[in-house]
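Following this line, the structures themselves.
Note that chain A is present in both complexes that follow, paired respectively with chain B and with chain C.
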Partner chain A sequence: MNSVSAVDVSRPALHRRTLSRSLRGSLKGGEYTWALAFVVPYLVVFVTFVAYPVVYGLWMGSDASLYRELFADPIYQSTVVNTILYLALGVNVKMFLALLLSGFFMRPGRWMKALLLIFVLPWAVPQISTFISIHWMLNGEWGFLNNVLYKFFHIEGPSWLNDRWMALGAVIVSHIWKWTPFWTLILLAGRMAIPLEIRDTARVDGATGLKGFVHITFPLLANLYLICTLLSTIFLLGDFNAVNFVSGGGPANSTHVLATLGIRDAFEIAHPRLGVAAVMSALPLVIPLVIVLMRKLRTTEVQL
Partner chain B sequence: MSTIAADARLSSRALARAQSAVRLRHYLSKTGTVVLSLAIIVWSIAPIYNMVLISLEPEGDVFTDHIWPRVPSVESFWGVLTQGHWYLEHFWRQFANSLYIGAMVTFFALLIGSLTSFAIGRMRIRHGWLVSNAALLTYVIPASFLAIPFYRIMQNYGLSNNPWSVIAALVAFATPYAIFVFQEYGRSIPIEVDESARIDGASPPQIYLRIYLPLMAPALVAVGTYALLLAWNEYLYQFLLLSSKSSMTVPVALAQFLSSDQSPWNYMMATAIIYAMPPVAIYYAFRRRMAAGLTMGGVKG
Partner chain C sequence: MGHLTRRSVLRGSLVLGAASVLPVPRVARAAPTTASVWFAQGFVQDEDVALRKAVADYEKASSNKIELSIIPFAPERQKIISALTSGVVPDVLDSNPNEILQIYAWQDRWVDVGDVVESQKGQFSETAIESSTAYNNVTKKRAIYGVPLRAAVVPCHIWRPLVEKAGFKIEDIPKTWNAYFDFFKKVQDGLRKQGERKVYGMGFQVTANGVDPYNLFIAFLVAYGGQGIVTKDGKLHLDDPKVKEAAIKAAAYLGGAYRDGYVPPSAINWNDADDNNAFHAKLMVMDVDGTLSTEVAMKEKHPEWYFKDMVTHGVPGYPTDNSGKPVPAVVGVTQGLIPKGAKNVTVAKEFLKYFIQPKVLSEFVELGLGRWLPVMPAAAKSPFWQDPKDPHLKGYVQMGLLGPTLPDYYVYNLAMAEVRTQHVWSMAMIDVAKDGAKPEVAVDKAFKRIEEIFAKYKAA
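Let's look at the complex of A and B:
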């Protein structure tokens, strides 16, 4: 139940500072050395494998002419459009579905528990396995989807992955399929954390159904929903697998997103600096997101 | 009398109408639940069913139009387990590579994460919040954005095709989550426990080993599961950093299938299912433990 304890940390933080000041006196020389020794391994990992690559990447992508080359590339232009669509639809449709489904799974009963076990399957099975399976499912000639369409409705399905917009749609749907269970579980935990008395009182006062949701449940979930949306935005921005395996960036490089285009530029056309530049062009979105998220995650204790 | 009787009749009719309205609503909501449940089942299972369907096809039967296996055959599973296809020559080697990387990432994420959160949360080291912020920052940077510079650096170090380059990357991305969960969980253990041990003369390593780690056992299990699944499911870094057939892991080998025009789809799907079994088993076995701090389960994949 500690998943959404929305604690205002500003006062405890102040408290902690004075406490640490008073404790520093009692942290004897030898103990201080030990504490330092305990922190050093993480600091080494952070500096060598996170901070250094960040600085190295910034240096690789620091040449302005790279961006001129990048912006002139028609593949990059369509990639930006794809990334925006992927973000807008992928995040919001998924989060909205998760919000609705978390309400559905609040219903009591053994059946609901069993259904939840099936529902989380897409999340439990590794991404590579399922995305490869979806890729084959959407094959125009022998794919499972078109076979079903033909068997039941006598419809000749299209080659789903041979058209830019259908392929992009397939990627977005695959992403939603894969990650809705996870966010549903988070929001479900958030709903469960709402004290029973609040829900009961609201019900007695006539706030049931939609009314109860609008006036009671959603205001209490809003902060969690916002944090989940922001986190999901940044995770989706870095998502490589859905695009790489469902559409492969095709047809004719028309469904890349920034994460896959960066890897393609760096390794397929062997221009690593251009790849870094492609990824870095997302910084105007990444930096504000990171700042807001860091503040939010620090001041509200959402445990994911 | 008659008016009373009429009233009674009227009210009983109103009652019956109200009852039938309730019954209708109940019926509708039940139907809705059933329909929604069926939709959820079909939606969740379809790609997994497709995987099973194709893996059960005999060799030449993949390119057909049926939607259930006509002649189920376990030929392809047998082929994977005995490394019977030229694509699968190194399957067990690759499986062992995945296991090794997963075990090492789990071990180091737990070790480094618990040491760090012990120093910050229990010993309250000065400027500990700076370390927490570094971890938080790592958590919100997309891992795939760092892949290109990371690859270059590993090449400069001469660590390409070495599993330790992958382990280093995954430890760097798994440890921040470990630090959060440990600090969060550690708050439920009163600091007086440590204080009294200190007064009794226990040194920090002794407190860490004998008191902190045993009390943190549930959080260690939750984070360990998370780290193991993260390493097992990760693709991009393993793909970039491990290129030889004998050093690559199962997901990389699986993706190699795709690059060929004449992919043996039944073998591929059988491999995908065998590869998916350990994480699914772990997930369902540790579901309750993981609920202690709902895991990100490979979100940073």
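Let's look at the complex of A and C:
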């Protein structure tokens, strides 16, 4: 029988009312309109500049054949190895140095402030021009470094950027040099937030020097250090400039990382979807990092 | 002052929102006689001046307006690919790089401009016309998608003072291929004896960046008899013993010169402009490089270099093959393209028709100091190209327009464009140069990769 009961007819209207009530929550009358007026612009911006690009990117890299093509590229494997090395060494050496240096810059004195000002200069200057300068400094024939070696020591320096490992090393060192000051400042701010009383009490109990660092400072900074390391890893995964301008991905495409490979595939090979796939192939690493980061940021305990 | 109420805030927001939307239709409703044109920035300012003049003359001659964007070479390429990916395209753009014509014709992304080219068909060189065609994998047909605007070949650039410093004269340079390049090894040896630590004989771009290494390898491949690697029907002939032998000889010579120390070590990491810079710094005696950019960049700043010290070997000067036969020059042709989705195809076509009038096109390349070649043989006879006082132009135009020429291989098969961009030949050169691989092994590896790439474009 095809009869429609009164209950069936009233169901959509009832559903609409329930939905409207759940959307309104405890808001009443004009409050709901105000809430909409404030939320809609944010939603528009979010959809336009966050959701749409992400979904478009996912769509562009969604074809499985792209990954077959990517894995068949003879330089893909070495690119993945380079990316892992770049992340492992670039992030950890930099963060460890920043941790040590932040302790050094905690020392009192005006000259320390002046030194800090000089120290942050590499971070403050534009990165592209500095990386290009490094590229030229390392030129084997007429670069600054080899000219100095020859002039003062009569040593013929090597072609720094002609060997995969030296070129990758140059990229990693350039990155560390450029970004250590920034993370030092962040960790310095973290150290300064440790209450003086805690440090004084520890000192009275004999926790000075390395002991103080191991038992007081580092445990209090650990959460901040971990968050900084995770953030730096995510930033570095998308870093294009250091590789592109220091080694250019060379010699013979041997120092590409996923970010530069993606740009090469998109714009040199003129295959944008393959470029997106190259970058997307880092997702298995990015997603766990973001999850851990979010969990750490949600920590409600009072931790530095 | 009135109270701020919820209604007034909402009303105000609505009015502001509406006002911000108002200008949009004005942009969208641009005059129907306007066309947007993208073009790569020149290496010398005169090239941009020449382009602006041609555009201004067109605007004066028609009632149309051209919105011209002159964009640096590398960013323009990215901009073009982004535009074609997003669908928001200009009305006209130049083929930057040239193979972009074939890459996107395969996907049916260009407007057929056969009617535009037809308006001057008898004027163009055969190579220019061939280079304007591409295979469309949607329509399954080859058609004319490009309008030839200018061209380039790869001549040799030499420093006379460095040759003389080594105890030789330019006239001593042999005429056949291997002997020609071997001469510069002797020049380097001579310079070392004079105490020049860091001047190298040859500026071979043994690198995996930019377009130069492909052009260099192809010039050697053709000179060694490998011209038939891809035939006009688009077929690949890696099984042809002549092609294989030529590829092995090319990899052996280019990689060997680097390995033996006759090429700057940093060449392995060069980008397109680096060999020009090194040449200008007199860090090598000779360079094999496309266009006359090396020379024209110095014309105003160092006229004595342009008129006296720099020597361009087009024809005569450019070596013959080892048996004494002329080597055809492989020509790259810059094309005007109209992307599908362009808002004003009519004006775009009209503009290109105006642009390729022999007088306009000749003036365009001549005002650009002759860095680029004309694409119409009649233009080569002008007083500009035949000027007896200019040491570079006559030989360059003879080599790239009046002598034997070939279109690049990606014109016959798009796969060759990917061979170029993936730097397959570069890797063969570098395997020999740096890793000491046998040329036969390096070429076998390159051939395997080329076959894989060609397999992706079977329909061609």
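By our rule, the second predicted complex is superposed on the first by the 261 of 304 C-alpha atoms of A that agree within 3 Å, B and C clash if a C-alpha of one lies under 4 Å from a C-alpha of the other, contacts with A are read in each partner's own complex, and residues count from 1 in each chain.
Following the convention adopted for this analysis, a residue touches a chain if its C-beta (ideal position, glycine included) is under 8 Å from a C-beta of that chain, and two chains touch if they have at least 3 such contacts.
Note that the structure is predicted; figures quoted are calculated from it, not measured.
Touched residues of chain A were counted for both chain B and chain C, and B has more of them. Using the contact criterion defined above for the overlaid structures, shared-chain residue A:Glu268 touches chain C, although it does not reach chain B. Contacts of A:Trp142 after superposition on the shared chain: both chain B and chain C are touched. Of the two partner chains placed around the shared chain by superposition, chain C is the only one that A:Ala72 touches, whereas chain B remains out of contact.
Of the two partner chains placed around the shared chain by superposition, neither chain B nor chain C is touched by A:Asn92. Residue contacts after overlaying the shared chain place A:Ser159 against chain C, while chain B stays out of touching range.
Once the two complexes are laid over each other on the shared chain, residue contacts for A:Ser247 go to chain C alone; chain B is not touched. Of the two partner chains placed by the overlay, neither chain B nor chain C lies in contact with A:Thr201. When the shared chain is aligned, no partner comes close enough to touch A:Ser62: not chain B, not chain C. By the touch criterion defined above, A:Val290 lies against chain B but remains apart from chain C after alignment on the C-alpha atoms of chain A.
Residues 30, 34, 141-142, 248, 266-267, 272 of chain A contact both chain B in one complex and chain C in the other. Here chain C touches chain A in the complex through residues 6, 9-10, 13, 77-78, 81-82, 85, 100, 103-104, 198, 207-209, 264-266, 268-269, 271, 281, 283, 417-418, 421-423, 426-427, 430, 434, 449, 452, going by the rule given at the top. The part of chain B that touches chain A in the complex is made up of residues 33, 36-37, 40-41, 43-51, 53-54, 62-67, 111-113, 115-116, 118-120, 123-126, 128, 131, 133-153, 168-169, 171-172, 175, 179-181, 184, 203-205, 208, 232-233, 235-236, 240, 251, 254-255, 257-258, 265, 268-269, 272-273, 275-276, 279-280, 283-284, 291, 293-301.
Chain contact summary for the complex, chain A toward chain C: residues 30, 33-34, 37, 72-74, 139-142, 159, 161-162, 167, 247-253, 266-270, 272. By the touch rule above, chain A contacts chain B in their complex via residues 2-3, 16, 19-20, 23-24, 27, 30-32, 34-36, 38-39, 41-43, 45-46, 48-54, 56-57, 60, 101, 104, 107, 111, 115, 117-130, 132-137, 141-142, 144, 147-148, 150-151, 177, 179, 181-182, 185-186, 189, 231, 234-235, 237-241, 245, 248, 259, 262-263, 266-267, 272, 275-276, 279, 282, 286, 289-290, 293-294, 297-298, 301, 303-304.
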